[in-house]
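Same chain, two partners: chain A is paired with chain B first, then with chain C.
Then we have the complex of A and B:
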């Protein structure tokens, strides 16, 4: 009786003998364990961090959800959309009208989260479904310009629909995140420690992010996901091979708008207030940066990208004080060459340029390089 | 007539400025096949330089405008060399996204230079009017039409008649063949960006004339050049002129008549008229009025 060698019991991690194993989400033990470790660390943060950092954490999760949505349509399916902010806005206002409280001429029905959260995704998804046939008529940069037009028209509609948005410059409060009378934005004692309201909401955003990221990853590895990539790489060739173009693009837009809507609804809750001007070109560019800096056509990418885009301004703010005063002035009306905000914007733009020029696969690509280096170590190939 | 004619002239004035901005995008598109999203920042920096040379330093107005155009040409060429050149041969989408990055960087620079101020470009027209009986039109609108169309004509002539223009057209037709014939393709790219930035500077000056002045946020006006290039055809200078005037007049007429006849469309409806034209135009004729239909290969 000889014991089976340990290596044989565990299998050989890089040897795939069937397609299912090759296509699995976590196809190596290292990925399984590292995902679990990251999740545990992320879930334990509310017990360690202060309120403002947890607010940023919730923002990262929300940006990641919307970023994954944009990546489905722009990264996987190759349909460049500058209109992502509008779909986020539609989701945010659906949620705010259904779940928010009325004030003056602003409508609000104070419904349960179980009602408004799905609808905050489904309503933008329906708009995306209707918009897709228009978008499918044009390609590449023409589509980017078309969605830019949609952005301006949408902003005008938001400003005019005061019963929904509160009007230009005034704004309204978001939906209340309450599930069956249980508020997700309230101090609670969990595991013997009192968590702040934002800490509780952070955990909820994290849970949603995990669910939606796994969902997106599963879409990406199905027949539809492969159709997305085929349309991106050469749409006419894909059509010749039997991929229905309109249906594929429509699915991509619908799914992406669903993610955008959920992200938009959560974003207003984290920020606590929203004006119609928020859903503008700059927000769309933020999400393009989430996708491009993180890594196009990956799911991990937008999550890393969201962390980068949300945390970098804060990082600069924190360390601006240690830069020389003639370069960056931290006080209002300071005499430095730049102020903190200008430095943030300059570096943000420079990062977009730098990643596109130096590493088009984004931060995820940087990680792949590092990983491959250590996998092959001590050899350089 | 008292409403219609001034509205038409104002529309032609603002439309010719849009045409100028559109031509500045077309010049870059023809040379490099990249749609330049950074044009708003180039325009606002151009307005800043004009204001700096004319209002702060005190140069005569025409000299200041030319100096601002030269300064912006340098900025344009530098941008091309630093940010765009590494992407030659890459997918045009990546290059277009780089111009978005350039937009953010240059807008931050403009924010730093302009701050919360409202700049005046020191133009001689101000609010002077030409009176024809009961009808009064602003001088500045006439100046916009004359200067824009003059500049566009000069660019057209340069592209059509000069040796450099021939080299640029060759580059836009086929970069490798042009290279084989001894054209310095890289220099043509720089030249296209320099020309484009100079035109944007002129447009920035024209936007800043009259009563309003220029703020850092005025830059977004330049995005209206995108509907113009789509309606006119993305590679056509002639199309940019026609479409610029059409969109300018449509916007101006909407501004004159919509509050009275269609108030349910909301305040400031005229701002989105160009974008509605854009959406309709893309649906009906995606390659524009004068553009070349895209050839698709598998």
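Then we have the complex of A and C:
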């Protein structure tokens, strides 16, 4: 087994001489370089952007982490879940109780990030593991309704457990992101420039996203990931091939909840505050949009989708001013047909419908089309 | 990397049983759907290395027998013993693990996955790493993936589908899909292979190809096979023994020539002679 000479490989990115090269996670030079370029740009942002935009950047990273989680269970394994927000909430409150500070009747143990961050994933994962046998009994619409039920139960528990959540309408502060006394949410001088606190935290979220995305991709492209797809496409055939249904669905729910929990814990830190009402159906639908708009059953998809879902409302807000006043009023109590918030929601809903109808594979599918066009260029197919 | 012949890639397909012991022993299987008896007290045995064919008119219960063996249906009565273990009541994935693989009459491939991924799914139970190994994709998981990828490529080579290996299965033509499905079952490294109408809807040339594959599998792997098929020519040429079913009952069992001459079989296929009713 000898490696193919470099000269022979040039211009033939899919010429492989061993299975290891073919099965590598970045199996063409183009994928390697583009990933590296995107990473470099993303990592350099704190040196160029202001606090406001970096907050959005951190939000994108956090949404992407949770989105990847939902994509594992809904995109790959085909188990539609509306309960994602609850798993995020469980992660958020696990983190807040363990890593947050107490105030009044609200509990907080002020533990280190190295303690609360893994547990913010593991506790929801355990709940997902327990919930899975129930969810594995039904599929499709019935599963959607079942997970909706979970959402209502969870929301009620969050509202009642005031020692944990601070109670309805009041809320609590999140965990402190401190690793061995080193705060990840504090202004720091890095490479000669003083970065804002959110800039530092953005870098942490980005690092976590990269690590978790690679781990998820490795699961998705190997044994269990294939089993997820098999269960999604034809569950009876999958079982006859030796894929245990319950165990596979259970793994999908457990992994998905782990990602949800980590995302939830980080989300509260980015937002600085959380009420029990946050973990509701609307948040779950946000994540379905992340998956659908980004691209179901891909890892890159939810990252793109997260960018879209987080940045689009801001984009609309910025450009609403240039729309006619009778149509969209930017000021509170304006006389326009819609206000900015309504426009955001309307376009958001329209986008979901548009993608489902026109490009079910999402933005990632659009990219695949563009890529295939240029691959075949100058021929049309 | 050179490809290997099939018997070098798949080593777990032959069984070592004392002479005269059947590989699979079905006894008095009865499967009812409400008031309909899909299988009505059928029993048979399959010997190691044998090619056992099941034929019969539409609705005779042939596919139902497959569904009972592979655990998709649970017969209300009777037993199916495979290598000494009872299959009735076992989960399909456990039965698969015991060494029973099958193809389906209406292709049941995973359409969104590529040919290689479909075959790798056949290897699912031979991949022994856990999800934490998979996440790191180092050492154990990577070794297992690469070794099994090589086995899959040997099967791809054997079935002559190398050109399609990276295409999603949903895009492939019917004849190739049938081959991929056979490949997926082969990848499971079965001790008993159930083939449900492998040449249904194929032209003469494709049928010849499939017959060649079945013969090659026999000679290279020594796998026992049960074949459900409507193509009489194929069945009579390939099978060691034939079981004929009609309305859920076994009406004949024996060597192909003997079965062909059986009056009950002729009656089931061609109807009663005129004036006899």
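Throughout what follows, the second predicted complex is superposed on the first by the 367 of 381 C-alpha atoms of A that agree within 3 Å, B and C clash if a C-alpha of one lies under 4 Å from a C-alpha of the other, contacts with A are read in each partner's own complex, and residues count from 1 in each chain.
What we mean here is this: contacts are C-beta pairs under 8 Å (C-beta built on N, C-alpha and C of every residue); 3 or more make two chains touch, one makes a residue touch a chain.
Please read these numbers as outputs of a predicted model, since none were measured by experiment.
By the touch criterion defined above, A:18 lies against chain C but remains apart from chain B after alignment on the C-alpha atoms of chain A.
Contact with chain C, but none with chain B, is seen for A:222 once the two complexes are overlaid on the shared chain. Using the contact criterion defined above for the overlaid structures, shared-chain residue A:236 touches chain B and also reaches chain C. Contacts of A:207 after superposition on the shared chain: neither chain B nor chain C is touched. When the two structures are aligned on the shared chain, A:149 is found in touch with chain B, with no touch to chain C. Once the two complexes are laid over each other on the shared chain, residue contacts for A:41 go to neither chain B nor chain C. Using the contact criterion defined above for the overlaid structures, shared-chain residue A:245 touches chain C, although it does not reach chain B. Residue contacts after overlaying the shared chain place A:179 against neither chain B nor chain C.
By the touch criterion stated above, A:353 is placed in contact with chain B alone, chain C being left untouched. Within chain A, the residues touching chain B in one complex and chain C in the other are 234, 236-237, 240. Across the complex, chain A is touched by residues 35, 83, 86-87, 90, 92-94, 96-98, 100-109, 111-112, 220, 223, 226-227, 230, 266-269, 271-272, 275-276, 278-279, 282-283, 286, 294, 296-298 of chain B. Touching chain B in their complex are the following residues of chain A: 80, 134, 137-142, 144-146, 148-150, 152-153, 156, 159-160, 234, 236-237, 240, 281, 285, 288, 292, 337-338, 342, 345-346, 348-353, 356-357, 360.
Residues of chain A that touch chain C in their complex: 1, 17-20, 22-23, 25, 215, 218-219, 222-227, 229-230, 232-234, 236-245, 251, 255, 297.
Taken in their complex, chain C has these residues touching chain A: 1, 70-72, 91-93, 95-97, 101-102, 104, 108-113, 117, 120-122, 124-125, 127, 129, 131, 134-137, 141-142, 144-146, 149-150, 153, 184, 188.
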